[in-house]
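Below are two complexes that have subunit A in common, paired first with subunit B and then with subunit C.
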Partner chain A sequence: MNYFAGVDIGSTMTKVVIIGDSIVASLIGPTGPEHRKLANKVMEDALNQAHLKFEDLSYIVATGYGRINVPFADRQITEITCHAKGLHSLLPTAKTIVDIGGQDSKGIKIKDGRVHNFVMNDKCAAGTGRFLEVIAESLNVPLVRLGELSLTAVKAAEISSTCTVFAEHEITNQLANGESLANLVAGVHLSVATRVCSLVKKMTIEQDIAITGGGAKNIGLIRALEAKFGCPVLVPPEPLITGALGAALMGKEIFEKFAEEGQTPTRSGRGLEEARLFL
Partner chain B sequence: MAYFLGIDVGSGYSKAVVLEGKTLRSYAVMPSGGDYKKIAGKVAKSALQKINLTLADIACTVAAGYGAAMVDFADRTSTDISCNAAGIYHLFPSVKTVIDIGAQYTRAIRLDSEGRIANFIMNEKCAGGSGKFLQIIARILRMEVEEIGDLSLTAVKPVEFTTACAVFAESEAVSRISEGALPADILAGLHKAMASKIVTLVTRVGLTPDVAVTGGGAEDIGLVKAIEAELEKGIFVADEPRITAAMGAALFASERV
Partner chain C sequence: MISISFGLHGKREGETIAPIKCREDDHMAEDKKPRALATQAAAKIAKFVKGNLSATLKAKEEGKKVAYAYIADGQDEIMRAMDIVPAWGESFAGVCAAKRDAEKYLQKAEADNFSRSLCTYATCTIGFDMMREELKGEPVPGAPWGGMARPDMILGSGQLLCDPRFKWPQATQHYLQDVPVFVGSMYYPPFDPNVDHKEQEKFYVKYATEELRELVKFCEKHTGKKMDRDRLAALVDLSDKTWDLFIDTYELRKAVPTPMDTGDAMNTMVPFTFNLGTQEAYDFYKDLYDELKQKIAEKKGVADDEKYRVLWAAGLPSWFALGDFQYFNEKGVVFPVEVTYRGGEKIERLGLPKTNDPLEHIAWRWVRYWTHWYDKARKRPGSIPKVERIIEYIEDYECDGAVFHSAFSCRSWHAGIIHQAETLKRVYKDIPVLIMEGDIVDISSYNEADTHNRIDAFIETLEAAKKRHN
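Let's turn to the complex of A and B:
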């Protein structure tokens, strides 16, 4: 059996997926400044989970914002390509992917399982996971509780500021003026959904729409996105790992293409070593 | 000669200017806080007291700014943009472009040859080019906002920032600090990121020399120098850049009598 690994180093989380015929291990850990250097540790944990050794891996693909910091990867591929690949394998009917990450958000159009078009916002924290993080902290609500809390809202509070900094101030004021926490959190989700929706609408949206990234774990945000897009959306069972899964699948595809011609692709030749960051 | 009062109640600071004829006699600057009505009275009183006057000595008062409507002792109100234009035109008649960096808003104003507004653009959606950004920078470096300008000028190797978003820049700065970058180099990099954001706004309004910078942001010499570097032009800064709109309001008051 040949095994393939995908490593997705995002701005906030690092994900590793190992596949054989199907997924044999998947792991998610935080990407701190140190962790970006320590991609080898996350890989080691994933190998342990699958009861495999590093030498058992036939090909490794790195993706995501920190993909150049994976010395043992055989190839780097952009997260747009990997997301499309991974998601298409999980939800073949999806034609539009909305990825809400820790520090960016993206819209990807898929045609025949490939990237047809994409849009991205990594310039402004509004409409990204970072917005939710900042607001959750200032409201003193754990990030993971925002979703269920917003579902108890009577009416979403209107948040007029787009900028995270100004919105934080506005929300604190509204809370002091007696607005309920649940209504405010619902308003926050609507604000993120509005931003994401206007980003993705720069492309023609085709159904089905699938949501990935950390934002997809927030049920309140999912409901707000459904309201904004005006249709139900799909969410994969583990929305964080689609990029890493796609990377592993890309690796498998590359390896098999070479194998058809009786060859093997060139490997990086590096072991499970730490990345040296060039700063 | 008669006395005139100009009040500018901004989102961050309130300012009062007293003119005798068209000559500056006194001024005061105070944080606005939440009660605009109260602060307007307080800042006016403070400026008047410095030259032993009371409101009864004032021939006309014009109020401007975010909280202008709350100034109950004003004879009339005007917009802070036209007041700022008038104040700058009075100080520097050659200026055609004003960059006003306030607590929450950054504006680029283009003037015609008589000091009237030809065009203006305002950025109120993003903290990236505003005074709020300077406060965030100061906080993460554990400094006072008044101290960051001079330190920024001592930078040897400014840190490159990939973003002008206040939220992302804050985390980028924190990472650079933990990697051992010097505060001066971080400041210079942040000032540059801010300056490029501000210059984009200025370019949209139509950059015509001469250029002046007003508002609290103009008190940050590091930011002013960064804007000069981006524009590749020298810029005018008033001795007291926060009071130009209040001064313009007082000038309007003197014309209304």
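Let's turn to the complex of A and C:
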């Protein structure tokens, strides 16, 4: 049995997936500010869970913002390609992916299982998970509760500021003026959905639309996106690991392509060591 | 379709890994290489730019007048024929940006209520003007390559392509109140798919010619010299030859592998853009032409392994991030052609009417440069001239994709980029497109890691498109 690993070092979470015929290990943990040195530790844990040794892995692909900090990866591929690959394997009917990560949001168009077009928002925290984190902290509501809370709203409060800092200030004022917590959170979700929708609409949107990333864990945000897009938004079984899964699948594809030609791909030759990017 | 089975081996969400702390003195040791210039000619450009700036500083000793000037407005030969030394704000601001030394000028202008969202060529130069005025017109210490001299006049030109061209000279005069300002305007007929523009062109040319005559009168008044018509005609003739040679040279880049990239073209545009009507500009392109011919004969390309050819489809570059072109090149992506700063065409392709009036000739050349894609655009339903030009380059230079750069502070040139990209996909074909975001001068808009991430994703999209196509 050949095993393949995908390591997705995102801005907020680190994800590892190991596949054989199916997923044999998947792991999610916080990236933290030290992710440059973290990759080997995460991989070690994932291998332990899968009862595998590092030598058992036939090919490793790293993705995400921290992909260059994975010395033992055989190849680096962007999260755009990996999300598309991973999601296509889980939801083959999806043609448009909305990825709401910790510090950016993206739209990806898939055609024939491959990336066709993409858009990214990285200049501003509005429309990203960070916006929700800031607001959750400001309202003293756990991040994981935002979604359910917003579903109890009578009417979404209007949040006119698109800037995270100004929106936080606006929400504090509205709270002081007696607006309900649920209405405010629903308004925040609508604000994020509006930003994300206008970003993704830069591409021609085709259904099915699917969501990945931490934003996919928030039912209130999904409902707000559905209202904005005017159609259902599909959620894969585990939306955080699609990038790592896609990376592992890309590794498998590369390995098998070489095998078809009677060759083996070049490996990094590095052991399970930490990134040596610091002097 | 792959199945997920978290239950057997996988760690569930919530089982976290303790982050590891890094040392405070740690820093990234990136293997950064300086930007490589593929051509020897491009390496000479710093001398050109420096020469243009120092010419303004020497002008006073030589008894010459200095004029603040603005690119691509048909005024080049008039200034040169009257020995007026142009001081190019756009060039100076670009140098400040390339040296990552513009912030102090931007802040100076911002402190006097110029918004950061205004044209940063203008605000950078105005900030510099403010500092020089505080020094009673003396050179500003630490200004890149000595900066620009205080002008004797400002020769603006409001164009359809740039609205700050009207306001920038006026705003500058707010600080240089004794300096006379001329702001002319050169227009060309708007594109209408249902109207043949040729009937309208002559009226626009007449208007532009009159504007140029007024400019000549203004220059005569403020230099105290009469325009030498024969000299002007000779310089216009030299410019025509430079237009032809410039295009002949750039068309050599159609070769596979391409011998020159847009990263170089953002340098080699200098003589054409800032020194038109001079023998030095013509000679520069002669040298570049010979060099490219030689590289083609030796099959020397920009990239070691040219995998993808991409068009720089619109937008001024981030002058502080020209190294991004090298980032593309190192991954096998080359730009054999760009829309930006290709402000000329083979004269014979423009079909200019014959005239003995050099000013009228400039006006025709200027108007036809913009309108000569109109007929093509009219033939392709839904197309527009800017997109037609992109299609022409994609086909002529065998491009696999297109990159647009949207510079936030340059509205008039960059508004409509998404529309162009969408129209291109609709009326031509759905090729991979990357829209980068940034600015020309303001580095605060730039994030290298994110930019490179977008470039990587775009290259993967090119790869996917090629696989799909094959």
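Going forward, the second predicted complex is superposed on the first by the 275 of 279 C-alpha atoms of A that agree within 3 Å, B and C clash if a C-alpha of one lies under 4 Å from a C-alpha of the other, contacts with A are read in each partner's own complex, and residues count from 1 in each chain.
Here is the rule we go by: a residue touches a chain if its C-beta (ideal position, glycine included) is under 8 Å from a C-beta of that chain, and two chains touch if they have at least 3 such contacts.
Owing to the predicted nature of the structure, the values given are computational and were not obtained by experimental measurement.
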Overlaying on subunit A: subunit B and subunit C, fit or clash? clash
Of subunit B and subunit C, which one contacts the greater number of residues in subunit A? C
Counting only touches as set out at the top, which of subunit B and subunit C does A:134 meet: first, second, both, neither? first
Does the superposition put A:164 against subunit B (first), subunit C (second), both, or neither? first
Contacts for A:125 in the overlay, against subunit B (first) and subunit C (second): which applies, first, second, both or neither? first
After superposition on the shared chain, which partner residues are touched by A:24: those of subunit B (first), subunit C (second), both, or neither? second
Name the stretch of subunit B, from among 63-71, 135-143, 207-215 or 243-251, that runs into subunit C once the two structures are superposed. 207-215
Indicate the residue numbers of subunit A shared between its subunit B interface and its subunit C interface, in ascending order. 33, 123, 279
If you look only at subunit B, which of its residues touch subunit A in the complex? 104, 125-128, 132, 136, 163-168, 175, 178-179
In their shared complex, subunit A is touched by residues of subunit C numbered 1-6, 8-11, 13, 15-17, 19-23, 26-29, 418, 430, 432-433, 435, 437, 445, 447, 449-450, 453-454, 456-457, 460-461, 464-465, 467-468
Taking the complex as given, what residues does subunit A use to touch subunit C? 14, 19, 22-38, 41-42, 45-46, 49-51, 65, 77-81, 89-90, 92, 104, 111-112, 114-120, 122-123, 202, 237-238, 240, 245, 249, 277-279
Given the complex with subunit B, which residues does subunit A contribute to the contact? 33, 103, 123-125, 130-131, 134, 161-166, 279
